[in-house]
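You will see two complexes here that share chain A, one where it goes with chain B and one where it goes with chain C.
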Partner chain A sequence: MTEFNFELTETEKDRYSRQMRFNAIGTSGQTHLKNARILLCGCGALGTVLANTLVRAGVGFIRLVDRDFVEVSNLQRQVLFDEDDAMQGVPKSVAGAKKLGQINSLVSVEPVVAHIDRGNILELAKDVHLILDGTDNFEIRYLINDAAIKLGIPWVYGGCIGSHGQFMTILPGDTPCLRCVFEAAPGPGEAGTCDTAGVLGMTINIIASYQATEALKILSGNSDAISRDLVYLDCWENTFRKIKIAKLKGKVDCPCCTHNRFEWLEGEQGAQTTSLCGRNAVQIAHAKPIRLDFEFLSKNLFHLGNVSFTRFLLRFSAEGCDFTVFPDGRAIIKGTDEPDRAMALYARYIGH
Partner chain B sequence: MSVRVHIPTPLRPNAGGQAIVEVDANTVGESLARLVEIHPAMGGKLFENGNLRRFVNIYVNDEDIRYLENLETQTKKDDEIAIIPAVAGG
Partner chain C sequence: MTIYLDNAATTWPKPESVYLAMDNFARKSMANPGRSGHHMAKASEKILDDTRIALNRFFEGCSPDRWAFTLNGTDALNMAIKGVVDPGDHIITSDLEHNSVNRPLRALELSGNNSVTRISSDESGTVNPDAFLKAFTPQTKLVVLTHASNVLGTVQPIEAIAHLTRSKGALFLVDAAQTAGILPISLSKLPIDLLAFPGHKGLLGPTGTGNLYVGPRVKMRAWREGGTGGDSRTETQPRDFPYFLEGGTPNIMGIAGLLAGLKWITEKSQNIIHQQENDLAKRLSESIALLPGLRLLGHQNWDKKVATVSFTVEGLEPYEMGNILDSSFDIAIRPGLHCAPQIHLAQSTFPDGAIRASLGPFNSEGDIEALIIALRQVLGG
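And then the complex of A and B:
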């Protein structure tokens, strides 16, 4: 990767003066930020807060990747978008980049409209200093983890549901990785998603702000100040736990960071999509079959008002698509022939 | 010895809506067994074929039981056991 070493201009020194007066940043930290490049995966709830905060902080380059379009139901928590964006159905990364350009024209934002998968993540991540997680599912997070460990790039995980959320910072070779801490994610339908269990905008702002602070530390040359815990908080119940995970490094037999087996990058884990030609439908199947709890899933989807299930399949409709889901996690989503959209809908309603 | 088991929000419907369940036990394994006795619906959420499910993480006083003694980890009076799930949304 080409490393840049641009000095701060007088305009920048004035613009970032309050941040530079913060002792740990100073001229040196701000200069590091100016020359820093990050990959932000997801420009939704966490992603817009991360992008907003870090563009204002003067991070030099942000590659902003998202597969989705702005909708009215995003506006409660996705801080870069407005009603016009929703009405026009603008791609999130494009709408985000436009707003970010108005906020700070001195930094560079590269919008990418794409579904992040094992085919493109190494290319997206190869020239950055840090990866930030603004995604909404573990499928992509394990993929980010694989790519980050393989390339030796730090990354910051964040997740939110309802009023609770968690974050952790991964420095390859130093801290435990995501798979050391969460050996497996709850299977689809095992835990709520923001679309089934809801989420408060405040939870998002808090978790993304912590993630952005971790990013600021790493990018400004203050990696020694990172959180080495898994932080779990609930802003409704006013609880805050610092889970001590540092000692897991080397203690758990991690396929990813101990054995360098990148199962998501290699396609041994995760879901694959197949467009069912002429049927306007996409099938999603897991590389390793899972087991769905239909009773639990149907309770999560109760608000849709059209869920029914037998021992063999579960059916419901949402956003103009008909879902048929099987106990091993396979699903046929009718009403779209776009694999990316089908994956997004799967993550939204069934989860992972 | 009485320990407090913290139930995460997504699992509370399986624990009578409670955030904290107090149980008498000397190890983490015993604590979770008591919890399942009181709230049988928790059983399938925490265990599979007698083992902890792979995405269920258990912490005693915020220490991960995987670098302690797993389910054999001793507990003492007023210890706090937390079940922390991976949070997917965002």
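And then the complex of A and C:
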């Protein structure tokens, strides 16, 4: 990777003066930020707050990756978009990059309209100093974790639902990785998603701000200040918990960071999708079958107003697609022949 | 334990002797075959020879040398079609064919060098020989027909079509994917020029095996060239059969399994196995015929079928039913188009396809009962 070593200009010194006056940043920290490169995975709720905060903070380069298009229901929490973007249906990364360019023309933002998968993540991450998680999807988080450990790049995980959220910083070789802490993702239907349980914009702002602060510490050379805990907070209940995870490093027999077995990157883990030939439908099956509780899932999806289920299958419609879900977690999603879109819809309505 | 009703795709389980033959070969003599080599090479070669002899005896062919080993049924069909069709040739086939026939023929048609006539089957799923007779032109080189539909299980009148094809001087290629090892096929009695089948279905061998029988009238090109374990000085593919068609090391371990499968069928008697499978299929067909919204495809005259029962149900797409049977009942059937879209078009089941239950020699009454109960639970009635 080419390392840049640009000095701060007078304009930049003036622009970032309040941040530079903060003792831990100073001229040195701000110069590091100017030369730093970030991969931001997802430009939705967490992603827009992260991008907004870090572009304003003067991070030199951000690669912004998202496959979705702006919709009205995003505006409640996705801070970079407005009604015009939703009306025109602009790709999120493109709309985000445009807004960010207006916010700070001194930094560089590269929009990428793509689904992050094992085929492109190494290329997207190869020339960055840090990866930030702005996704809503545990499959992609495990993939980010694999890529980060393989390439030796730090990353910051963040996730929100309802009024609570959590974040965690992963420094390859130093801290436990995501798989050390969460051996497996919650199964489909086991936990709610933002599309079923909802999410408060405030939760997202808080979690993303913590993630961005972690990014600032890592990039400005303040490694002592980096959080070594899994931090959980609930802004409705006013609770804040630090879960000590540092001791897990080396204690758990982690396939990823102990054995360098990158199961998500190599496709050993994760759901399999099959495009059903000529039928505009995708079938999704999990590598490890699970049991879905249709009653629980139908309550989660109640707001859609069209959920029905028997012992053998559960049906509902959302976003122009018809879902047929089976008790072992597999599903047929009609109305798309793109496996990526089907996977995203599955994650959104059924779980990760 | 999974109830396996997808034997038209691959039979499973295999006879114990098939597993043992492959294990034994792998451990003791898995060497490259060679007629003049070391003793392991000879042992390996002997398996190939023994299998050709057994196949030739079983199907009453003209010589063991006319049996080439292929990767599967598709490979055998491709070798046959691409090996005999020249520019300008006309080909006759049916709407019952698998894509292993449809696609090579369609590609020839699209090349602009060949014309293809597709004879429609009737509602029962059978073609009429008269329609074939009318389709011949002076350019007709080849007639390709499946012995039994992989979707409907309906057996086609290959005797009549074999004779009329011979009378017209064309070559007759039979796709015996659904019948080899199940229905008697006598190459000495019927004028079949090319017979293609996989080893992993009715012959009870493993996947990765197949055969093409090439009769004495056929002049063909080899489309795979390479080492043949002998005659290495020749600069091009040796012309002598079967090596002409067999460049490269064959799947001898699989062929050892195929030979064991063939022996098992011979010992048990092909007719008895077929009767047992068809009795179960008939019982399945009769038991589900009256379930609400269920439609059986093709005729149900079990004297003219192999043990395949295909159907659709109202309100559930085949893929949905397939997933229900798999996820809630652990029953393996095959939903969809079965790689044979044209017969689904003809049966008005395109593009969703149908649900296909196909039986093998190891299915029991209990298996059929389990499927009947599952369908009753899902459909009511």
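In this section, the second predicted complex is superposed on the first by the 352 of 352 C-alpha atoms of A that agree within 3 Å, B and C clash if a C-alpha of one lies under 4 Å from a C-alpha of the other, contacts with A are read in each partner's own complex, and residues count from 1 in each chain.
As a convention for this text, a contact is a pair of C-beta atoms (placed from the backbone, for glycine too) under 8 Å apart; a residue touches a chain by one contact, two chains touch by 3 or more.
Since we're looking at a predicted model, the values are computed, not measured.
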- Task: Considering only touches as defined above, state whether A:Gln269 meets chain B (first), chain C (second), both or neither.
- Result: neither
- Task: Mind working out whether A:Gln78 is in touch with chain B, chain C, both or neither, as first, second, both or neither?
- Result: neither
- In this superposed model, does chain C or chain B come into contact with more residues of chain A? B
- Task: Please work out whether A:Leu230 is in contact with chain B alone, chain C alone, both, or neither, and reply first, second, both or neither.
- Result: first
- Message: Contact-wise, after the overlay, does A:Ser220 reach chain B, chain C, both or neither (first, second, both, neither)?
- Response: neither
- Thinking of the overlay built on chain A, is A:Lys247 touched by chain B (first), by chain C (second), by both, or by neither? first
- Query: Of the two partner chains, chain B (first) and chain C (second), which one does A:Gln283 touch, if any: first, second, both, or neither?
  - Reply: second
- Regarding the shared-chain residue A:Thr336, is it in contact with chain B (first), chain C (second), both, or neither? neither
- In the superposed arrangement, does A:Thr175 touch chain B (first), chain C (second), both or neither? neither
- Of all residues in chain C, which touch chain A in the complex? 317, 319-320, 323-324, 327-328, 336-337, 351-352, 377-378
- Note on the structure: Residue positions on chain A within touch of chain B in the complex are 42, 44-46, 133-138, 158-166, 181-187, 190-194, 197, 199, 204, 207, 230, 232, 234, 237, 241-245, 247-248, 251-252, 293, 299, 351-352
- Along chain B, where are the residues that touch chain A in the complex? 8-10, 13, 19, 44, 53-55, 57, 59, 62-64, 66-67, 82, 84-90
- Query: Touching chain C in the complex: which residues of chain A?
  - Reply: 276-279, 281, 283, 289, 311-313, 324, 326-328, 330, 332
